[in-house]
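You will see subunit A twice below: alongside subunit B first, and alongside subunit C after that.
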Partner chain A sequence: MSKVVPKVFRINTGSCNGCDVEFVAAAFVDKFHIATSDVEFVDDVKDANLLVITGPLTARSESFLKNALTKLKKPFTVVGVGTCSVSCGIFRDSYAINGPLDKFVDVDVNVAGCPPRPESIAEGIAKGIKVLEQKLSGEVTPKTIDTIFSDFSAPASFRGRMDLNPDMCTGCRTCETVCPSTAIKIEENEEGFIHNIWHNSCCYCGNCAYFCPTGAIFSTNSFDTVKLQNEKFSDVNVANIPFEECSCCGEKYMPPSRGLLGKSYVHDDVNKLNTNICSKCRKEANFKRMYA
Partner chain B sequence: MKIEEFNNAIKTKIAGGYLFREDKDNYGNLSAWITLQDKKDIETIAKTVKAYKGRCVVATGYKNEDKEGHTVIYHFDIDGTLINVELFTENETIVSITPILPSANWAERELREMYAVEPIGHPNKDRLFLDYSIAKGVLNEYISLSKMQLGVSDTDILWNNVKKECKV
Partner chain C sequence: MTQKITIGPFSPELEESVYFKLEADEERTITHVEIINGFIHRGMESLVTKKNFMQNLILTERVCSLCSNNHPFTYALAVEKIAGIKVPMRAEALRVIADEVKRVASDLFNLSMLTHLAHNHELMRDTMNTREHMQDLKEIIWGNRMDMSANLLSGTKYDLDERKIKLILETLDIVEPKLRDLQERYETDEQLRKKTVGVGVLPKEDALEIGVTGPVARGSGINNDVRVKAPYSLYAYRPKLRPKVTLREEGDVHARAMARFGDILEAVRIIRDVVADMPEGDTYVEKRPHIPAGEAVVRTEAPRGELIYYLKTDGSQKPVRMRWKVPTFTNWEALKVMILGDKVDNVTMILNSIDPCISCTER
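Take a look at the complex of A and B:
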């Protein structure tokens, strides 16, 4: 079989143009590999076999996308670029948004980010090409594809995928409240809190890290946000924040964060401060100590 | 131009009467607030603003909760002084001032598509931003803060999918 020539066409479905600017860098700067590969950028959708789509799919752009899709010849691959295209990001629930993209077309590769780094977009296109090759040869698309470009890196200060230190977290829900794109959900059960960060909804604004009173949530410089469609809902950072049992009354309670205690009692060893005792029992003990 | 001068200029021309007050912001900038009793008098205001070589900066609006109808506020600028004119419409129509002040063009079209308040006599009938599939007056709908902040909506099935597929 002859080698597949990927023919890329980009469609903007109401993006702010952030992703499109990064796409231009990914497409035309040599160090991102796409410019020096066999990828061809076509100016008519009917010639394309790899669609790069940005934006949350606004009501106004819906008909344009549908029209473009009718002109494509199968098989083709769709790479959704930007958190908007994956989950509508900060625009979710807006009256003018009809997305996300996978409501209207079978997406193959998602590249989360707001905007994603050109490295991520290049990786997304490369993975899209792999999927296209498999489609053309009649193979089944694998559940994951290993990272293709291993020579990319980001500076330490880059605001990438968020992470959580569960030892510092108290499940106060500040991060959940300030997140503009509903990427954080905190659930409670009998054992404690479950802290979820859905990377495909995160816009990497860093609001959560900025407002976190204990410094539990933080951004890493990882830009590993290129995932296949079947990983869309499972690319989640899950952390358990367990309750402790009070040594006095036996009730389950959320212990204060070591980080917060460290900030409040700067001259004391926080490990010696009222360990394993709930706030109610601590109040009683302190009251007895002072007034008994 | 002094605010008092503008007040004197409209005093005899406004047929329906109006309330007038001056305001000052934290930086000492003066502005005028005019509440018209008759919404048609906005034409007279626009003509006076034009005579002073002023312009319409923007127009805002909101749906009234206590009485049926909309309040529309035009914000005019005359040589750095802000003149804010408030009017009430009970039947979702206002007299367009775009033929007098072209600077009101986009603001009035926005009022039309966001609040379904029709500027009668506006030269442009097309929508400004929103797609025709979106209902006219979409901002009249109540959108709760919780929905805005937390995405709590009936249609938000995305997190349910995350819950389904993510094994804790």
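Take a look at the complex of A and C:
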């Protein structure tokens, strides 16, 4: 089999230009590997076999994108760069957005991030090339592709994928309120709260971590956001925050988290404070202690 | 015989989608320009009214990722004006540092695109590599290479300790000599001069009439830098901080690039000045302040020129109306003067020379 020469063409469908700038950085700065590998950047969309598409697909761009796609020769691979191309991210629910991209194109690789690091974009393109090779040789694309560039690292302070420490969370919904891209959803069932973080909607702004009163939600420095299309909807961080049973009345209630108690009772050992008692029973007990 | 030429909307030479319909004569001199836009319209003005004040801190950042610190900065100034919040001095200093770091990175990116379009790849690579130092700095201190998320209503989210200040100074020590070297090369490089001198001329009279701002105005000999004319934040308290802008009379692509270099070097000087004399104290007043009903107009100097925010609130959690006047909006009109009578091959370079932020303009 002859070697595939990936011919890359970038289409901006309404991005805030962050991803486009980072794409240029990835393409021209040596340390991100694309500049030194056999990737060709073509001037015309009809010569391309690897499309890099950024942006949430605005209503105005839709027909132009469709037109551009008809010029392409099959097989080609599509790499969606940026959270908004994957899920519209922060621009979701706007009247001017027709996206996300996979409504109109068969996307192969998604690179979430707002904007993704050039390292992630390079990784996304490398994975796109793998998919392209498989398409050309008629193989079936595997469910996952291992990380290709293993020598990339991020500083500890990098705002990457969010994580939750359920021990510290009380389900106060601050994160849900301040999240600009509605990537966080807290559901309730009989057992407790379920805290969901959708990594493909997250815009990695760190607002939730900043406003969280207990530090339960925090950003890790993981930038592992390059996923194949079949992983798009499963890239979720789910945490359970269980209710406790009241030792007096037996009713289920949401106990204050260690973090919250630590803020209120600065001088006490928090672990001894929580006596499994719901707020209603606690009020009653306190009332009796003071007035009975 | 006139020939019709179209450029865009998707072209590797265009950072953002825009569509040119040109008419040119036999010598490929442009006789008619029509610019079609709207590709990046995401309905921002409607979106901001659907989101609360905390969410808008981030949404305004996504108006444009190249001036992504200026937008929340100006938005925060507008909110603070309505709420009557006095921001601590340390926060003002931190905001200015974030702003100037962003300015250096943004202008350097524009310059590297200029050399890219002028097919001077060696110079482009060096500019990009110099910019990488600022990008790394942003990633270490603010946590993201583009969207720094530095601002908070009534202050800043981040603080600088000794170690971080040392890192900033070390980075500037590496970057500054490189910048001076680049400035020299941009000024003298024969190939670049041939491509840019006398191209896309905007005479001073036209510049005044259209009301261009930022480096475009400075390239035509007009100084209307908001940091000098109507100082805000720390620039208001410390007159010495205000930039000594570089003015060029030529009004061509090259002059605008050199005006940007002046901006970059002044930004480096400003960061050094602020860091050398950091005010002590808190970095914010309140994490989630109450915003009463009111109206405010605020303007600041973005890397591309004057940025104006209009904000109207009604005491609820969400703004009633938010409106922008972005620098590219006025600079855009100047394009027609610049492009008309120039060569077709220069169009993308002239477009790049106003540092167009189409995502700001079309929102």
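In this section, the second predicted complex is superposed on the first by the 291 of 292 C-alpha atoms of A that agree within 3 Å, B and C clash if a C-alpha of one lies under 4 Å from a C-alpha of the other, contacts with A are read in each partner's own complex, and residues count from 1 in each chain.
We take it that a contact is a pair of C-beta atoms (placed from the backbone, for glycine too) under 8 Å apart; a residue touches a chain by one contact, two chains touch by 3 or more.
Every value quoted in this text rests on a predicted model; they were computed, and no experiment measured them.
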{"item": "First (subunit B), second (subunit C), both or neither touched by A:166", "value": "neither"}
{"item": "Contacts of A:256 with subunit B and subunit C, given as first, second, both or neither", "value": "neither"}
{"item": "Touching partner for A:233 - first (subunit B), second (subunit C), both, neither", "value": "first"}
{"item": "Touched partner set for A:68, first subunit B, second subunit C, both or neither", "value": "second"}
{"item": "Which superposed partner A:28 touches (first subunit B, second subunit C, both, neither)", "value": "second"}
{"item": "Touching partner for A:201 - first (subunit B), second (subunit C), both, neither", "value": "first"}
{"item": "Greater residue coverage of subunit A in the superposed arrangement, subunit B or subunit C", "value": "C"}
{"item": "Which of subunit B and subunit C A:215 touches, first, second, both or neither", "value": "neither"}
{"item": "Touching partner for A:11 - first (subunit B), second (subunit C), both, neither", "value": "second"}
{"item": "Subunit C-contacting residues of subunit A that also contact subunit B", "value": "58-60, 93, 95-96, 177"}
{"item": "Residue numbers on subunit A that touch subunit C, as the complex places them", "value": "9-22, 24-25, 28-29, 31, 41-43, 45, 55-56, 58-61, 64, 68, 90-91, 93-97, 114-115, 117-118, 154-155, 157-159, 177-181, 203-207, 210-211, 219"}
{"item": "Subunit A-touching residues of subunit B, taken from the complex the two chains share", "value": "130-131, 133-134, 138, 141, 143, 147-151, 153, 155-156, 158-159, 161-162, 164-166, 168"}
{"item": "Interface residues, subunit C side, partner subunit A - complex", "value": "9-12, 14-17, 38-44, 46-47, 50-52, 54-59, 61-66, 68, 109, 112-113, 116, 124-125, 128-129, 131-132, 135, 139-147, 149, 152, 157, 287-288, 357-359"}
{"item": "Contact footprint of subunit B on subunit A as seen in their complex", "value": "58-60, 62, 87, 92-93, 95-96, 100, 176-177, 182, 185, 194, 196, 198, 201, 232-234, 236, 238, 240"}
